[in-house]
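Chains: A, B, C and D, in written order; residue numbering restarts at 1 for each.
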Amino acid sequence: MKDSRISVGYLARVEGEGGLDVVVSGGQITDLRLRVFEPPRFFEGFLVGRSYQEVPDFVSRICGICPVSHQLTSILALEAALGVEVPPEVTALRKLFALSQYIQSHALHAYLLAAPDFLGYPSVIELAQDHPALAARALSLKRVGNDLTALIGGREVHPVGAVVGGFPRAPTPRALLAIKERLEQARGEALETVGAIAGIKPPEFSRPTEFVALTQPDQYAVNGGRAVSNRGLEMTAAEYKKKITQTQVPHSNAYHYTVAGRESFMVGPLARVNLNARSLMPAAQEALSRCGVAFPSDNPFTSIHARVIELVHSVEECISLIDRLAPALPRRGGPLLAEVKVKAGEGAAFTEAPRGLLYHSYTLNSRGLVERADIVTPTAHNLRRMEDDLWQFVPRVIDRPLEEATLACEMVVRNYDPCISCATHFLRLDVRRVG
Amino acid sequence: MSKPKIAVYKLASCSGCQLQLVNLEPELLDLVGEVEIAYFPMASRKTVPGPYDICFIEGSITREEEVEVVKKAREDCRVLVAMGACGTAGGPQGLKNWARVEDFKERVYQRPDWIRTGEKSLSPGEKVKIDLYLPGCPVSRDQLKEVIVAALLGRKPYLGDWPVCVQCKMNNNVCLLVASKTPCLGPVTRTGCGALCPTWGRGCYGCFGPCEDANVASMGRILRDLGLSPEEIVRRFRHVTSGAEAFREGAKLYEGQQD
Amino acid sequence: MSRHAANPLKPEPAVIKAIRQETYDTTTYTMGFREGERANRFSFEPGQFNMLTLWGIGEAAISLSSLPGGNGTFDHTVRSVGDVTNALRRLKVGDTVWARGPYGTPWPLKEARGRDLLIIAGGIGLAPLRGVIQAVTSRRSDFGKAELLYGARTPADLLYTTEFDDWRRGGLSLTLTVDAVPEGARWEHNVGVVTTVMDRATVRPGGGVVMVCGPEIMMKFVVKELLARGFRPGEIFVSLERRMECGVRVCGRCQFDGRFVCRDGPVLPYSDIKGRVGTML
Amino acid sequence: MDGLGERATALERRVMPEEGLDQLVRALARRGPVYGPVRQDGATVYGEVEGAQDLDLRCTPFTYSPKALLHRPRQVLFRAERAEGFVPREPEEDGRMSIIGVRPCDMSAIAALDQVFSQEYPDPYYQRRRQNALLAAVNCVEMAEHCFCTSMGTGPGLAAGFDLLLTRLEHGWLVEAGTEEGCAVLKEVESRTATDRDLQEKEELIRKAAAGAKKQLQTEGLPGLMRDRFEDPVWKERREECLGCANCTSVCPTCFCYDAYDVVNVKGDKVERTRCWTGCPVVDFARVHGGNFRSDRGERFKQFAYHKLCYWKDQFDRLGCVGCGRCMTWCPAKIDIAETAQSFRRGGEAR
């Protein structure tokens, strides 16, 4: 394959619309583009002028796969802007909410999006015919995650249960304890998943990478915390714009990001497990030692291992959160809300979405209307890294038949579990005041 | 008899509606036994050529290319179902229809000239004939399943076009609009969500779009009586289903009015 | 509160014994209950209806379009307009339909004994009257004059055309009319809505009973004409159609004024409708 | 069921102390789940109660009726499976339950529903719930803003039809038992025999409550009057206000209309024939092939008003309204059918 072109018109089994073009000439890559043609939807544009109360409902619509992350990140950023302090139960319930989505999203990715690649099927549908038990496990895990999201937020996609200040109707202890029983069953399924993944040998492809993830001293960081990296980056959400550089490229409706003064970086499960393994729940640490891969790992193909480790962690932490929360919640549900006083202000927040670091930042005017909104999603953070991976990886597969080489390139992209709808909503630059 | 073929197309959207198909977990494996998933890029690399029996189209049209996708979908499919707030009423991105897109591009991008997007966000129904609208942001799993089941059985889906209030009362919820004067669009919004917001303690924000014969004028007066400013009322009607006719009308009644 | 009869909403299986295509969109099914005493003897009167179920599709009210047949059989003539009626079309002889009934009031055949009978029907509205016609033509001497004015949209929409000759031989006078004749179609009878042939009826006020069934708007004009000709409200009977979910007076869907069409009707004397609100009549 | 001033038809009358209420609830709970008015979001709805602490027995305009416990908002009628030749199976029967805190107007409404669901073809679903329900009613000692039971002859005191009837006295509760089962429950609660003074106190409380009625609707000749005013311009105003939301019919304790449909699994081999509440304000309500008998919102709203205050008389020889005031309390547009009808008496127009 001296002169050729790998072209994936429409990347399958990723969320959103993206394509890939690689031009090889004389055995050398002459051009490589990860095209994001998902049309832009201008969320930061139309958020301007809306009330802070509406923001979580809107940002949720950025992405149907990780709506909880967008909602919670915006809520944290807005609470920072308004100076709202929430009680510990709210913080705990939020973590439960976020982790429920980890379970759903990771099960979706591991089984429906990634596993078919590793096992050689076009999709989970064909896979299910040969491995019905595996498919049943996948769906049952995903459903527990979905049901927990829906219990807290009403529905699994674009839930309505979380608002600035807390939860207008917290779940009843009885309902939480009922779902805990199912989580206990899911624990076994998550561990079996690790077992299945341990049998998969990732392609050899190690390369030095800057991993960025949130960290918190006392727990596996998900909502809030400082972002750190293995190369010494350290920042709070408020410092984000000083530390991260953004550039626009003509072939994409999405921005590219680098650590200021350095290269591309990677966010997501692999970054989190690499940086925060010691904060994993004991069962997840146990699983880590049996998953067939040594962490920290520089191989992007081990993202799936990190993801299933997080699946175990999420189930475990949900169980322990419910144990703590259930006795503290009102018997008949009811509101769990901190007081919110409207005032002008600015606030930013980080969370770890299933796919990695998510950043939201807002400026509010004195009536609580948005004057400025910035949102940077995990997939956006990773885009540059994906292209970099491809530049490195393509030469290794360039001599294989086109079909095989194309699949290999797609797999590189799917390692990141990209969420392209998410990626097309970006920083605004010039701050124009309205209202 | 070969299995009916299903295709899923995507335009500008969040993919939440497609995900609802995958979220049919308990019956997903049964579903793939009954139908052939012929085109569904989010879930499969495999592409089976059309014609298709049922085609779900998610998202709204924001660029010229998407008009082509929609036309192709129409040609390829026997029954074309437009899904979601995007597919039925332009979706959240439809809010740009009430602003200048150039403003948005400038606000969002450094090099707005590299961004390819049309002036308006249109629901596919403005370009081709749609056989069934399935509203909701996202569509409800139960309704999605009902649409598929009904198509397999050869009958109309039972979706219920009545106001959220009907379902809200079935849920034994206290009416927040009356009891705590919480602004709620339940009386003019179509149910299907299961009266979610009121059940979770907050006012309905209309994500399923207007119900049949929605009395937006009376709704507007009620909101005004609760103390909402005209501007706030406009914002309520211009949420994720701002393109729906009744809500457009509702917003128009209060647009540009002073307090 | 103590009457604890069998569940009235529970349908029973009935087997399709014969199918006859009446028009492009209308079909007559002959069926019989599969089990129980009604398998051989199902009694009802023309004008009454059954609720027919196809599981998974739904339930619909359909008139009995015959007299009780031998071996407990009964006919339904169905026009495909929606879920159940379309799904019925996909069935074959030997298939099972679930049915409950008979419900509702019958045509006043007993009252009509010895008197003149004028039947005015439009479209599918002839179906519930077919049993009346069968009764009259088989017991002709029990009645005075027997006249049918029947209108349909086009010649292709006429029901029971193969039976017309039998009916004539049985002593029924038939006047046919259609709203329109498509190009190329053969038609030797009147063109115009059914009220345009009302002059041809010889039954006069005072001596007879008039039975009217068709779309409500058609019945409205027919009744108006009848009244203008001197018929008294008590001599005119109409059959109403309303949305029904139960057929037994609990779902509330068929109400108009103080009446439940499923139980107080569907066949009602016009005197019981006149002055009431909620119908076009 | 006109309770005013009448002696209740009780088998036994006793007085229990304040704390007795809790014992009573627990005694009922031994027989099955107990439902009663519980506070929620600034109102009271019927929910499961474990003890007196959960109950709110005040009469407020913001109290839902117990209708939903008897005529379920959603009820599976049959399950049918292909594997069984689609022979329909009825769902399992629910067991014994108690409903506590039923108001006199609601008792009258339950009597109305009893009529509706036990005509020529009794409805087994309602009947089973009804027969399984022990009704512990409570007399009203105050009247809320929208109550007009005194006009409809349905309250504030109750005379018959109850298993137990509670009246809050100044010191403790008067509990009357109307059935053997009621007596049996009463035996499990600490109490003393009621004296004539207790009964006088009750009569006095009810009389005082009745005197406090703020709202009136003259019912004499009402159906005829309504007919005369069918085309009154006031209905046009209501048309503009009405949202068609069916909150009125949902909260009305006597509205019974329903919709039926089949829920089918993906494989198409399992069917649940289901019914759920609907009401005449909903567009779909009177739709048939080729049209809709009440496509106009104003006509739909009128169907509600006329059914309650006019047609019901023809159907069941009483009015369909028990004067509970819920439809006007919960109508987002504050439409008041009683006041509208009453305004015809004054010849004027009002809400």
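Everything that follows uses one rule, which is that contacts are C-beta pairs under 8 Å (C-beta built on N, C-alpha and C of every residue); 3 or more make two chains touch, one makes a residue touch a chain.
Bear in mind the structure is a predicted one, so any value in this text is a computation, not a measurement.
Enquirer: Which chain has its C-alpha centre closest to the mean of all protein C-alpha atoms shown?
Expert: Given all protein C-alpha atoms shown, the central chain works out to be B.
Enquirer: Could you quickly compare B-D and B-C and let me know which has more C-beta contacts?
Expert: B-D
Enquirer: Per the centroid of Cα atoms for each chain, what is the distance between chain B and chain D, given in Å?
Expert: It comes to 37 Å between the two C-alpha centres.
Enquirer: Which whole number of Å gives the spacing of the CA centres of chain B and chain C?
Expert: 43
Enquirer: Taking each chain's centre as the mean position of its Cα atoms, how many Å separate chain A from chain C?
Expert: Taking the mean C-alpha position of each chain, the two centres sit 64 Å apart.
Enquirer: Suppose each chain is reduced to the average of its Cα coordinates; what separation in Å results between chain C and chain D?
Expert: Centre separation, chain C to chain D: 39 Å.
Enquirer: On chain D, where are the residues touching two or more other chains?
Expert: Each of 40, 47, 261-262, 264, 268 in chain D touches at least two other chains.
Enquirer: Of all the residues in chain A, which ones touch at least 2 other chains?
Expert: none
Enquirer: In chain C, what residues contact two or more other chains?
Expert: 56-58, 82
Enquirer: What residues of chain D sit close enough to touch chain B in their complex?
Expert: 40-43, 45-47, 62, 64, 68, 73-74, 240-247, 250-251, 261-268, 276-279, 282-284, 297, 329-333
Enquirer: Enumerate the contact residues on chain A facing chain B in the complex.
Expert: For chain A paired with chain B, touching residues are 10-17, 38-46, 48, 50-51, 54, 57-58, 61-65, 67, 108, 112, 116, 122-126, 128, 132, 135-136, 139-140, 142-143, 146, 153-158, 160-161, 163, 167-169, 248, 250, 253, 335, 410, 421, 425-430, 432.
Enquirer: Spell out the part of chain B that touches chain D in their complex, as residue ranges.
Expert: Residues in contact with chain D: 24, 27, 30-31, 33-34, 145-146, 148-149, 152-153, 158, 160-163, 165-166, 169-180, 186-188, 201, 211-215, 217-219, 221-222.
Enquirer: Okay, in this complex, where on chain B does chain C touch?
Expert: So the residues of chain B touching chain C come out as 153-156.
Enquirer: Using the touch rule from the top, collect the residues of chain C that touch chain D in their complex.
Expert: Going by the criterion above, the answer is residues 1, 3-5, 7-11, 13, 53, 55-59, 81-82, 96, 98, 215, 241-243, 245-246, 248-253, 255-260, 263, 277-278.
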